[in-house]
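The following pair of complexes shares a single chain, chain A, combined with chain B in the former and chain C in the latter.
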Partner chain A sequence: MGVAVVKPQGLGRRVSPGLLLVFGLLSVALVATVVWAVWKEARAEWRVWQGRYAALEAGAPVTAEDGARGLQQIWLPDLDRVDRCTSCHLGIAEPERAGAPQPFRAHPGRWLEIHRPDRYGCTACHGGQGEATSYRGAAHGPIPYWPEPMASRELMEARCGTCHRERRPKGTDWLARGRALMADRNCTACHEVPGHDAAEVRAPRLDGLALKVPPSWLRGWLKKPNGYLPKSRMGDFRLSERDVEALAAFLLQPHGKLALDRTDWSKADTEKGGELFRASRCVTCHEVNGRGGTLAPALTHVGAKASRDWLYSWIRDPHRFQPKTLMPRFQFRDDEARDLAAYLSSEYGEAPEGFQASDAAPSPALAEEGRGIYEKRGCYSCHELEGFPALARIGPKLAAIGDRVLEPAPLVARGIRTTLPNWLFTKVSGPERVLDAARMPTFGFAEDEAAAVTVALLSLRAREAPPARTTRDPVRVPPAYGSPTSGGKPYEPQGEFGALVRRYRCLSCHTIGGSGHVTATGAPLSTVRLDRIGSQLTREHLERYIAKPYGVRVALPERMPHLNVAPEEARTLAAYLSTVMVDDAIEGTVPVDAVTVARGKQLFDRHGCVGCHIVGDKGGYVGPDLNGCGARLKPGWAVAWLLEPERWKPGTLEPDHGLTRPEAEALTAYVLSLPARKAKGAGR
Partner chain B sequence: MINDIARRLWLSVFRVGWPRTRQTRVEAMLSSFVLHVHPTWVRVHALRPTYTLGLGLVSFYLFLVLTVTGLALMLYYVPHPDAAYRSMKDLEYAVTFGMFLRNAHRWAAHGMVAVVFLHMCRVFLTGAYKAPREFNWVVGVLLLLLTLALSFTGYLLPWDQLAYWAITVGTAIVAYFPVLGPQVRYLLLGGHEIGAAALLRFYVLHCLVLPLAMAFLVALHFWRVRKDGGLSAPPGRLHRRVLAWPHLVFRELLVLVLVLVVIHAAALLFDAPLEEIADATRTPNPAKAPWYFLGLQELVRYGAIFGGVVVPTGLVLALLLLPYLDTHPRGVGVWFAPERRTANAVFVAIALAVVAVTIVGTFFRGPNWAWVWPW
Partner chain C sequence: MSRSWLGLVALLAVAGCRAPSPPGNDALQAAFKDDALSARAARGHRVFLQRCATCHGPRGRGDGQNAYNLQPPPPDFQESLSRLSPADRRRVVEGGTAALGRSPLCPPWGRSLGPDDVDALLAWLEEAARPAAGLPGPDAPAACGAR
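So, the complex of A and B:
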């Protein structure tokens, strides 16, 4: 192919003007896009805000670092967070910006003093996308593809709960309530929940149920537990009539080998029973007619539930029926037990609506079907039953529930808004609203209760905070009632003392070395820890008090029940407590010369102690009566207490007056010298 | 004085002055490293935009754009599961021009897949693969495969859900190949799961191995264009020729500016997607491969061996063997030559089918790969 040199037509020596024009236009467009890119970068949101902040500050004195401001970030490697929020929120840590317009306003409250921004950043508490430098990108509201938008004010406490793993984190309201409710309703029986023990509530064993309850009561209970106990911990399982019959048939079969004690009811004296009921302070744990404690079930309608013979047998020895019960075995005589049972039966025998007696027993033919329901609905999760194995937990783990990703379609079909908080709230309020075949019972939470539980659940995140960042309650284990003692840790009382502790169920209210029952709020019922009680109280007082307790702090609703401990048992207990349960560091004496006592009196008056404590016939009811307390308190303890009340009992009402040791000793010398009140006798 | 130095500097680099005369224009093309890949004289036919549509050139420019933006992105990107996603966030929010770079890279990459495909269509429909250009067609097919491989390996790097599951699906299709499939997948991922090893391998392939291979084959492709007698043209005609300087060089520059304007505008207007961080425990429904493999994924639904093995292997083999099977010498250098009616019809049908299944897989498939309407 030869090279053809032809005079080109159209394509001359030069590029055509039309093409040049196109090129020129494209070049202009190219320059324009470059300028556009630079402008976009220069007008980035954070740069604009920094400019406005500089203008805001123009009136204020300019500090050295104002010139050097650029993209700000807080890097927290252990939390795997990079927070650039302060690139725009420039006044967040400047108190003088309290009234500034957003995004420059100072952080409200004193939160940044407790959680310094350089150590905690922003998103660890607030959520949102810390890396972002734009309003939208920061996920101030929900945005696609960022799973953690900023928490709304209502759900803020859920964020606190990721690091604050205590049952009642300080300063929280919803979170603490939610966690308490979760413990109270025994969520952990069916779900594994971090920070909660396996079974928080001791639901009764169901052996020998036929000896205890009539079919009418059982039917009513299975249909509507809160018809009998308004504060029932057991939820409504939404059972059909047939399921109720079948389950009742199964439960009323003879399980276990229990038998009832018999007594002659013609000799029963309900009057005496009533006196005993009051003297024994049963209401410390049991509620009647809406008043009383919460540690044990209400007795308002107990006569409609439990047979007289069962009540009698139970009062004589509760541990035979429920080895793990918190209830002490009171030292009653048989006639006392009979009177008490008769009193409960007659005084509280009225059946609530829906629990009236009906003669028909459920058909035994349904028992096998009932067994299936018992298993399917996970009854065994809370209740033990002879011959029925404890199976695996029935519900899913809740460990990462706060990061659960929802499958929206089924929720949309039911008209449920598909946000995680809303789904949780709906499920907690009524599981059947989310899923027809839900196995979870309806706990009948009020709206605010369901919201609190939702907050508590949202605090359970897929990625837990690193241990160095979390705070937890001290380890507490439930008392080892009804199971063989292992001598293991934490403290488990042994020997004669241990047997008495178990009989009188001391650890239902008190703790020793982290062992003891805690209520749903995460604290034991009694504020008196027994760990150093031998250094706090005199041996004589301990012995007297255990044998015949009385109210030391008059204003306190919970009082030690009258257990009728035998004198030699009280001696054993007191001897053990005052020799073993001691803390050498607080043992000691104080000078008791007249000068010191007089000085103590001055201090006593100056600090207004009588505002809370009774001395003579005058004083307040908040603190213990101090008359004759020298027989009760050990001086070393009184000094230690006065010096650092908050150390011994966090949250105590006793003020820390900032006393010096000589002052505390003088005050102790005076207080312990106060004489007993004559009218009340030597016991005070 | 300064003029003198400047002139000497110019001459030392370019050897000739600004090409004004015919002689200097010839010399310019011959003596410049960059320009010598061009012929000195070029057929007017090859300059007609309606003949080439400039697609090969656009492909090359996109490759250049991808190289430049890719190198800049490499300065910020850390190929490890713990850091990759954060790198994306840093680019988006903290790096100056970071998002612009990432957008440009993303859109240029998608554009390159499409343009290379269209370039192949142009070459087929103008019969440009025929002798003596058979081998350059083969090189072109390899370049298409390399383009897909580059795009696919780059797809994993953001380490978000989109990336993770697209690669999961894509490598699952690879594993359908009998005998070798699972082995290749294992080699590609450095294990059975997509994890740190897979990310590193994809990174090395994406940033080093495949671009080098690409650069080599592109050079070969260009060289062959010249050695095979320039761009294809109808044989037997007397072709007018003009000097490459300025006619070809100027047009190339014009296309470059056009490509840059389009990429810049796209990068400024549309942000590259970034979903949640990759999570092996959360499978999106549907999990979709990168869009250019969605045709295959759609076919896999009708039969794993059919869609994953028979169709892709058949297509690639057919493309590679095409110039050696179609030895008919006529119909070169014009669009839709009447002599090639059957061949063109078959090709267009297959190309449209590929586009159609890709569109179906991209827009018409929802959860559980059920049919959905995209509106």
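So, the complex of A and C:
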């Protein structure tokens, strides 16, 4: 090895001038680097801000620039985060800095009270680079290709959703809506979605479709579902004419063993059917001509879709055709079901525009091709069909979609901004906009709906928050129904009561123990939870109301349908609700003497209750009519309700007046003593 | 061969260093805009639709479905709101009209609404009270406020 050994030389020995020059320059460079480094550290952005903050605190003019506090850092090992944001954001947890200039301004709202910075840091919610100590380095604002830029205000709720895994996280708006929309559109049928394991796929079975629909309707529907139902839950699969023909041929083949009930149509009375349609409050769930509920399909053109015989058979027993339907089995006589079916098919028999396709049966030769399309497009994921196997989910897993790395070139070519949120938004709005051969259907989301779904998708991150940091929906089982350890299964009512609940589909609108259908808005249709209804309402009222419901809150468009529950069934239901669905904490009585009642009347007037409630002939239409409400309400419940309305029904229009218990009792005593109206009666 | 390699490397380097301003439109940003409302005012408007619109009407014109049952009737905010100072607006929202010694028909919401909702509601009213601005925000869905 040729290691050069430098022999000790005399000082007098001359060094070559070139070497000296290099050495000298290097020394200067070293000194300059050290000086520059010290100067740069002294002039660091965060020190400048700390100096200005010190000046702000002292009330001095903003000139001082000494970083007296030193670098601030929050270390959160379980979140794997080191946040230095508070080095500059010095007033973030100081409420008196609410009006200070940035970066010193206090955090808006009350968020830090429940998310203390020392426990949650900053970037867990906001994103950005916590270790950075400069404005740009922290990734404020959108920076292309940066792995975790700061979340914009619009997308903040997606960050909430990473830890808050409930269906409707409190205080969120877009996120809750997005999650509800994802459940409503059956995303989980094709995609594995974390947090949606329990979401039930809702779509009709397709057995016996040939008994129900004519080929013309099926062609129109397959071509453009929202041409028939403007709010169709099924997306548009963008099928070619041939695909439509083939799929129709396959679906119209006989599947299953269903048969229709027959009736004598010559005796049908459409006028009676119309009366029954209105009296039964079908519009609570079904829309007709643009008005009505959204829980069930619109009926505006139902006569063009479903045959008269099928409608008759369906109304008599929907559960025979669709075991999972939300629709109750109304207690109609056969002639009533016939009149109703006749009314629907004549009054709403016109085909929607664009549905004038031929009624010729599709060629059976195409059926096998149609079966292939049924499989390829994943129709089986939502629709069960006798004889067709349940195959694997067709779409990719959505876990970690919020951290997906995009390939920009194809998006750039299409003029789509290559940020992940914008890609998701565009794909959700119309999958064909990002990929011509996309298999996913176009759901026809409005812009704000697509934005909400985007927020919900962005909350699904590659790295899940540690379990101790996450919140989830509790699996609630009412204590009266068994131990809380019933395996986390949704509540399923049992026995005679259970049979009636299933027949009349009570849980399509109401909830018990958190179980029950939730609409696309994320809430159940009815605001009345049944968990403690037996302690809220008298047994006599329950029995009367179930047998013949009426509008308690007259301004409410959603009213309980007239199910024609038989008297003995109503008695059974009322008895069960009154004895089992109770809450001892709200049972109780109030003193009913003349003094208390008079005091209650004073309070009633002082708080302007008449603005919303009818008493006598006067009052508003917002809350329930109070005439004769003593026959309806239990006193303990009325007191509990008046004391804490927001606790029992978040978002209620009953204001919390801050009453004391004696005040609430006096008000209850007065209200429950109000006589029933004689002329018209309390209900209809 | 080597030329083209060099060219590719140069291209990649340019693409990597200069963050290109991404082409195309960001449709998502547009979707979040609620007319011309700020995010906070939009939240305030939703609170308004839920709690207030039954009487005050979706845009605060005093034309809610329950308005005709009230004596005195709810005012048209386009005329009346500018007469209240911001502090008085907060007092009415939190303590009802009774807090100003008027009729008790407008109830107090201070205990029902969280402080953030009250702030948001006031922010919307603030935008609503600007002269000639009109009352911003989309109309309520049909069933809004009826629960």
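One rule holds for everything that comes next: the second predicted complex is superposed on the first by the 540 of 684 C-alpha atoms of A that agree within 3 Å, B and C clash if a C-alpha of one lies under 4 Å from a C-alpha of the other, contacts with A are read in each partner's own complex, and residues count from 1 in each chain.
The rule is simple: a residue touches a chain if its C-beta (ideal position, glycine included) is under 8 Å from a C-beta of that chain, and two chains touch if they have at least 3 such contacts.
Please read all numbers here as calculations on a predicted model, not as lab measurements.
By the touch criterion defined above, A:Thr419 lies against chain C but remains apart from chain B after alignment on the C-alpha atoms of chain A. By the touch criterion defined above, A:Phe388 lies against neither chain B nor chain C after alignment on the C-alpha atoms of chain A. Contact with chain C, but none with chain B, is seen for A:Arg606 once the two complexes are overlaid on the shared chain. Contact with neither chain B nor chain C is seen for A:Trp648 once the two complexes are overlaid on the shared chain. Shared-chain residue A:Arg84: touches chain B; no touch with chain C.
Shared-chain residue A:Ala29: touches chain B; no touch with chain C.
In the superposition on chain A, A:Tyr550 contacts neither chain B nor chain C.
In the superposition on chain A, the chain among chain B and chain C reaching more residues of chain A is C.
In the superposed model, A:Gly137 makes contact with chain B only, not with chain C. Taken together, the two complexes place residues 145 of chain A in contact with chain B and also with chain C. Only residues 1, 3-6, 8-9, 11, 14-15, 19, 22-23, 26-27, 29-30, 33-34, 36-37, 40-41, 71, 73, 82, 84, 129, 131-134, 137, 145-147, 405 of chain A touch chain B when the two sit together in their complex.
On chain B, the positions that touch chain A within their shared complex are 41, 44, 47, 86, 89-90, 92-94, 96-97, 100, 160-161, 229, 238-242, 246-247, 250-251, 253-254, 257-258, 260-261, 264-265, 267-268, 274-276, 282. Remark: chain C residues 19-20, 22-32, 39, 43, 46, 50-51, 54-55, 65-66, 69-70, 96, 98, 103-109, 111-112, 114-116, 119, 142-143, 145-147 touch chain A in the complex. Within the complex, the chain A residues that touch chain C are 109-110, 143-145, 153-154, 171, 173, 291, 408, 411-412, 414-419, 421-422, 425-426, 429, 447-448, 450-451, 454, 527, 553, 555-558, 606-608, 611-612, 618-622, 645-646, 651-653, 655-658.
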